[in-house]
Every structure is written in structure tokens, then in C-alpha cells.
């Protein structure tokens, strides 16, 4: 493959991965605090539609992004309030919302089908973009890509190097102990549900105002939300691994499209569904590793043990449960 | 009883208000929208038979979900189980295309559909009981894998001669269609299946010892060994029944409604069934009625694009709004009960 | 920090758990708090640390009234508690666990916090690595970190609840040294323990609680028999005829069984129970009795050793096999582990007897009258009072049971009901099998059992027929002497 096409390949991987990274990192924050936002898929669609609609009507891409973030945050707020304060199962609310938001997106977005609207343009960083090979890949991308790349170290730093990030992690692991230490778990959980939701909204906007511009039925990003959820699990709730998982998936997608020409016999579906068996495998590994007999068996196979250690990332202990102060 | 009635009315009112607001926002008249929804589903026998064609698989899926919920399992994998049922049924039907006894093949096809759905559910169940993987994630993952398998079949080994396309496999010949009555497009056999399913489930879940055992597992899995029960075994049985019913529903979609395998063969009834059961607050009695309501919405909304330039997904919005209002009302009731104690 | 409790009362509904506790702890002392199960120790501690509100009475800190209503406020006043179950975050690092919390001035500079951790550790001779994952540490080390954290939070009153359970002897010595060090610094320590030797080794003063009241207060040096006398009631008149039964065939056999669970686990337990025996498991709660019962019921598997029931090995079997052979288990946590919420009495009988609903209705009605259960056949289990739940559980025991395992069977029953229960159990099941039961009341065991096994720290320290037992000796064995 020539230099140019490798460049284009890598550039499109980063571009494809960008919204996925943003959404998955947002959900990582939410789940690290102990809340699971199953409405991700519908929320992404709805915020993508809202972003396009608002940008189209106002002519401003920025406004579109803001509206999308607000919409997704509001959806997440519903999950938070119903789950944390009204004692409903987080998965029940999230599930109902994901279906409804999808239909809401189609319904409200109907008049905006197949229209041309404002888009994010590639921003070229002068000088750096002229570096051969990596120049166009890293320094000539739409804003969303820069945002996604910036988020990775930012989220990592927030979670592992700040006091608030520490409290976030503590709440997700043991809300009772956090409560004993004067932290209000419910407020924190709601806060990070909203924050994660806002990021999901931005991801949605990144789609309809950039990567997959416009609106339609189907829009083309159906199912990405579920993939983001799978990636969070597969990435062991760690921002760096999650981002890596998103990039891997994007790579598979891009290769899948171009490989179709070369190997038509390998079904494209393999690439589409790959994250899900991987997610199940990751969960399986986490649970099996907790068993004495398995750990003993692995000790004799250091190669496998290393692989298992990489896949191993236990969920926040309080994930999905509501905390009730008595 | 009075409280249930009040709650139901409250839920309906909130949803209707929300929907009306939404319709007004897009510049249409709510009254017109509701009129078309009603007319599109109950306006003629032909339309109503379409509603029944939705009601049948939707009810079967919902019934199946009830078994799983009794043991405390969230069988989100029901979509995949429907898909596998469709695959199983289509596979056997393909074998019987030129056969002399098409009815036999149809029956066998349905049975294999139920079987495949059951096996797919068993997979999710095993992942949960032996592997500790939560059934929501196992189910979700398997749904997507099932989707992948269907796409592969439609574009691969089972593709239409000449062009492989999203319109699915080669349609089955009329001999392999479930017979319908004059003028109706509903198969009475399928209808009977659904009604039998309701009665059977009512008896099993509410009046049999097996149903009591399922309930015990759902209420207190820790205590059931003291009564000679293994929680894991009953969870597996429940999810397998759930998968079988979903597989049956998928099989009916292939054999009596679409007459071929298409990517969207489940029509989303698996997920919709979850909404039905949530709205029914996990009780059997409301399910057939809620399913009818949802089915009517689905069919009625087909009119909307033509008549009012509205997207037919309004039905989904109404369904979702109903469930969310229900969750709100149930949640507020719990708060009230909690504050009292 | 000097702390004083004046006439603390606590009522839970009709139950008067604490009946006027007076306690004065001087600054710079280690003060012990001892008492049997149910004496009121943990309730008192929960009030002191802000988890529970007191019904009446005063708490004075440095002579001034203190009114706090939640744990964080208590922590703000300088009260810190080291719980039996660690209240920490295992997946986070040691340093993270040290830092996180709003119960004092938060300082987010990790470098400074690491330094504080090292300094505090050096003061009391605890060596902890800030970057280790907390979950990989032993119980003793996790306790050490919590200790350091409380010191770092300027806790001036440190309450320790059974701190030496589950830690090694070396860690125990380290802990004791640390306690003496901080006491000499002027901090106050309240040590709640049932291990009288440790109390004697560490404390300056001891308060003994019994049945919700202060039974006495002693100053060091302590006379252990005197402490025992104050802790336990006198040996009572037995309220039942202990007609000695000659034991029959071997029913249950434990061979060098070790298991994990409760706080202490079970270590190298070997014993044989014979048909016709009523065996009482004595010991302070969590010493291994519950684990013993669950192992015999095959609700849990041992890590080592073997258990045989009716001469078949229970390895690889679960409770259903035991049930089939005639075994039966009644847990102490009735609603969480024994009954099904939302199920009526009829439902329970349908499930337990495997019969039709009509037959179950008959059985339920019969059980209600026979066992004096205050309920109707359709009452849901959770609507029954604790005592009636216990009667329901008892009524569910199959008639043909040959091994009845009971965990605290007369908890929540009045004396007359308890007597009735024992008459029933002994009358019915002794002929065809054996009864093994644990109880928090030593008097009950002494009155009812043929044989007594005393548990301490996960081991059986006494195994005697009842007529060879000395009350004081058993009481002292329960506390580790």
C-alpha cells in the first residue's frame, strides 16, 4: 500500500473512532460512579438529530453541539433520577429510554431527512500537517477528532490524579463506605450521569455534523451506542483501554469496508458484531478469575495468564445498584 | 383494585398529554393523529387482521419474558432468540420446498424454531449461571451475534439467486404458507397458538407448583435450597421456556407473515415485549391487552406518513412514553410507601 | 479526649435495648467494653459513632454536650471507629484509601498525603506501601491503614470493635504496641472485645455490660473470674429434665474439617454426632458455630477434611442431598435465608411438602394451631413478627427429619414459647435422629443439651457431655481462656 493510502486509512480510523471514543469515555465516567446508562444508543441518535436540526436552523455548528449535549444530558438525567431517587432499576429506565429516544429521533427528525447542513470542517494545523505520513493523519482532522484525542488523557487524569476523581471511584466501589466518610453518593452519581450524558451528546453531534453528516432514517449510526457500552466493559472501565478498544473497533470497521473488495467471502458482519463476543468474553474472564480453581490452572500457563490479566477489569462493585442512606 | 385503575388512567393521561404536545410541536393536529392511528388499526377487518398479526408474536414474546422475570432474570436476549427461531424455521422450510407434505414441514419448522430459540436462551443462561455473566450483557451480545448470523445467511449461503439484498431470502411457495381464512390475513393456527399460550402460561405461572417454584427462586434465591430447589436449575428452565416462546414467535414471522427470512424478521417484537411486560408491571392479566394496544399503535402508525407527513415512529414514542410514565407512577408510589413506614 | 455517656437509653419499638448506660472514659486511657451477645455493645457503639440516634441520655465530649446525627458529624468531632468489617475500597490503592473522604480537611496533593502516610506509619511502626492495591492486603494490614487514616483525621477517640479477629499474632502485637503509643500521646481508646485476655493485657479500665445495663466497672489489674461473673448470669436451674439418652448410631462425622466463612472460619474440626443426641454449640457469635451448621447441612463445602452424613460423604453434594437423607436446616436470618418474602403460609407448605394446595392449606391450618402461630394461612411471611416467623420455620420441619440443624432457634421467643419449642423438638426428633443447635444464651444450652461444643476463634475448644460441664469453665472457654 502506498504512503498516501495508508495515511488515508489511518486518518479515517481516527475520524471513525472519534465519536465512539467520546461516547465510551462519557459512559465510563457514569459507570465508574456506579450508574449504568442503557439509553446510550437512543440517546446518541436523538442528540445527533437535535445537533443537525439546531445547526441547520441556526446555521451554527457550535449551537448544534450545545443542543446535543443538553439533550443527552437530559436523557441521562431521567436515568439518574428514576434510578437513583425513585428506586427504579437503572437498566429498566435506560432500556425504555433507548427505544423511545430512537423513535423520537426519527419522528422529530422527519422533516430534516436528506438535507444538507453545516458541517465540521477539517482543521489543518499549519506546519505540523505537512509532516509526511502522520501529518495528515493527526493534524488535519475535524475538531471532533482533536477533542476525542484530548479527552483520553483528560479523563484518565481526572479519574486517577484528582481528588474528585478519587471520590467518583470510591462512590462506584462502595457507596456505603463513601457515605460514612461524608461523601453524598447519590449527588455524585447524578452529577456524573449528567456529565457522561453530555459527552454522549457531543458524540452524537460529532456524527451528524461531521463523520456521518446529515440526518436520515436510518441515519447510519444505529447500534453504535450498544457498541460503546460493550467497549466500556471490554476496556475494563479504564479510559485508556476503552479508548484503545474504540480505536480497534474503528480499525476493524475501516478494514472491513476496504477488505470487502479484496476478500468478499469474509462477511462484513463479522467486523460489525466483533465487539459483542469480546465483551462477553471479557465478562467471563472477570468472573472466572475469581474462582480459586481457575486461578490455580492459570498459574501453570503464564502466557494465558498474561492475556487474562489484560482482559481483566472488574466492574465497579456498586454498578447498577441504588444506594439508600438509612 | 381502585388504585390500579387510578394508576392506569394516570399513566395513559400523562402519555397522551406528552404525545399531543409532541405532535403539536411538529405542527400537526393531535386529534388528527389519534384519528388516523385508530382508523389505521381498527378501521377495517383487513387492518385489524394486520394488528392481530403483530399481536400474536408480540404476545408470545411477552409471555416468554414473564417466565424469565419470575425467576428474576432480565432476558434482554429475547430479540436474538426470536431471530434464531426464525432461522431455524426458515432452515427447515427450505428443506420442505418441494415436499409432498408441506403441513408436516411447517409444523416441524415451527418446532425447530422454538428449539433454536430455546438453545440460544440456554446459552445466555449458562453464561449467567456458570460464567457469572449478567444476563443483560450476555443477552445483548448474543442479540448482535444472532443479527450477524442472519445477515450472513441472507447475503451468503441463503441468498437469492442472482442478487443478494436486504429484501431477504427467496420467498417460500404458497404451499408452505400457513393457511388463512377467506379475506383475513391472519392464520387461525397462529391465533390459536397465541391464545393457548396465554391460557397455558396463566395456569402454569399462577396455579401450578412449578410456577410457585419459579416465584420462590425470584423472591429469594438464597432460601430455596432449604426447600429442595436449585435456583440455578430453575433459572435455566425459565430462560429456556422464554427462548422457546420467542423462537416460536420468530418462526411464525417467517411462516405466516413474511414468508421468507429478512434481516428485520423480528420487527423489534423482542424489545417491544420487554416494554409490554414492564408496563404490565410483570403481571399476566394486562399483557394481552397492552400487546393489543401496542400492536394497534404499530399498525395504525403506518398511515401517518401518507396522511399527515408524520414519521410512523410516533407509535414507538407513545409506547416508550407509556412505559416511562408507568415507571414514574410506580416510583412515586414506592416513595410514598417508603415515607409512610 | 474525655468522653462521657450519661443515662443512654435506646428503644427499638417495644424492645428496650439500652437501659440507662453511664460510661466515663478519661483522656489518655484504653477503656474496655465487654459483654455477652445481645448485651448492647454494638448498639451503644452505633450511637456513639452517629449511626443511630439515642432515645434519651447525653453524650458529653470534654464536658460539653454533643449532639450529632450522622457518622460524618461524629468524625468531625474526633470520633473514629475501626469496624469489624472494613469500610474501605479494595480496588483502590492504599494511598487512595488513605486520602479519600470528606470527614476532615481534604488535601489533594498526593505527594503530601504520601508523606503523611509514611510519617504516621513510622510513628506507630506500621509498614504500608502506598501504591499497593488495598484488596491484596491481609485483613490486618487493611486494619492498619484504617488506623492510620483515623490518626490522620485527628481522631481523638478511637473505638475498636473486635479488632483482633482474623489477624495474625504478629499483627496483633503491632496493633497493641500502636495502641499503647497513641494512648501515651493522649488519645483515648475504647476497646470492644470478648477476648478477656486481651482486655486484661491492654486496658486501664473495663466496663461490663449485661442485658442492656452496666453490670460493673473494674480497674486494672483485672481478675478474670470476676469479669466473667459480671458478664454472664449465674448458672440457672435447668428448666427441663435432661433425661440422659444413650446415643445410637453415628449420624454426622467431621474429620479434620477446615472452612472459610464468618469471620474466623473453622479450623481442623473433628467430631462425631450420634443419634439421640441434643448437641448445643456454645460460643460468642461468629466463632464458627454457624459455619459448622452450614457445613453439616451441605450448604457450604469445606476447604479441607471430610464430612459424612449417615456414612455417605457429603463432598460434592449440596443441601438437596442432605434433605433427601433427612437433614434440615433452620437459619437465624429467618426472612433473608429461610422464608420467601411475598409467600403465604400455604405457599410455604406447598413448597416444603410438595403437595397440593388443598393439602397445604390443611397443613398450614394445623400448624397455626399446633405451633401457636399468630397468622392466617394466607398471611405473607414478612407480615409475621420475628417470633412467629420462627414458629413457622419450626412447623416446616419435615416429620421424618433425622438431623435437625438450628441456628439460634429460640431467638425472639419468650420463655414459655421457648420451653414449648424444646419440648416439641426433643420429644419429636430425638428418637429418630439428632438435634444440633447454636444459641447465644449459654443458659439455654446448659438446660437443654446433652452435649456441648464450645467454639472460640473458629476452633472447638471444649467437647463435653453436659453433666461434666462447669458453667464457669465454659464461659471462660468462650472468651478464650
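For this structure, a couple of remarks:
So that you can tell them apart, the chains are marked A, B and C in the order they are listed, and the count of residues begins at 1 in each.
Quick note on the criterion: a residue touches a chain if its C-beta (ideal position, glycine included) is under 8 Å from a C-beta of that chain, and two chains touch if they have at least 3 such contacts.
Fair warning: this is a prediction, and the values are worked out from it, not measured in the lab.
With chains reduced to the mean position of their C-alpha atoms, the one farthest from subunit B is C. The chain pair sharing the most C-beta contacts is A-B.
Here the spacing of subunit A and subunit C, counted between their Cα centres, is 46 Å.
Between subunit B and subunit C, the centres computed from C-alpha atoms are 49 Å apart.
Put simply, the C-alpha centre of subunit A and that of subunit B have 29 angstrom between them. In subunit C, no position touches at least two other chains. Partner subunit B is touched in their complex by these residues of subunit C: 299, 318-320, 323, 329, 331, 336-343, 347, 350-352, 354. Taken together, the subunit A residues at the contact with subunit B in this complex read 38, 78, 82, 86-88, 91-93, 95-97, 99-104, 106-111, 217, 223, 226, 229-230, 233, 267, 269-270, 272-273, 276-277, 279-280, 283-284, 286-288, 290. Looking at the complex, you find that subunit B touches subunit C at residues 209, 212-213, 215-216, 219-220, 222-230.
Subunit C contributes residues 71-72, 75, 87-92, 96, 99-103, 106, 108, 110 to its touches with subunit A in the complex. Of all residues in subunit A, those touching subunit C in their complex are 161-163, 166-167, 169-170, 173-174, 176-183, 314, 317.
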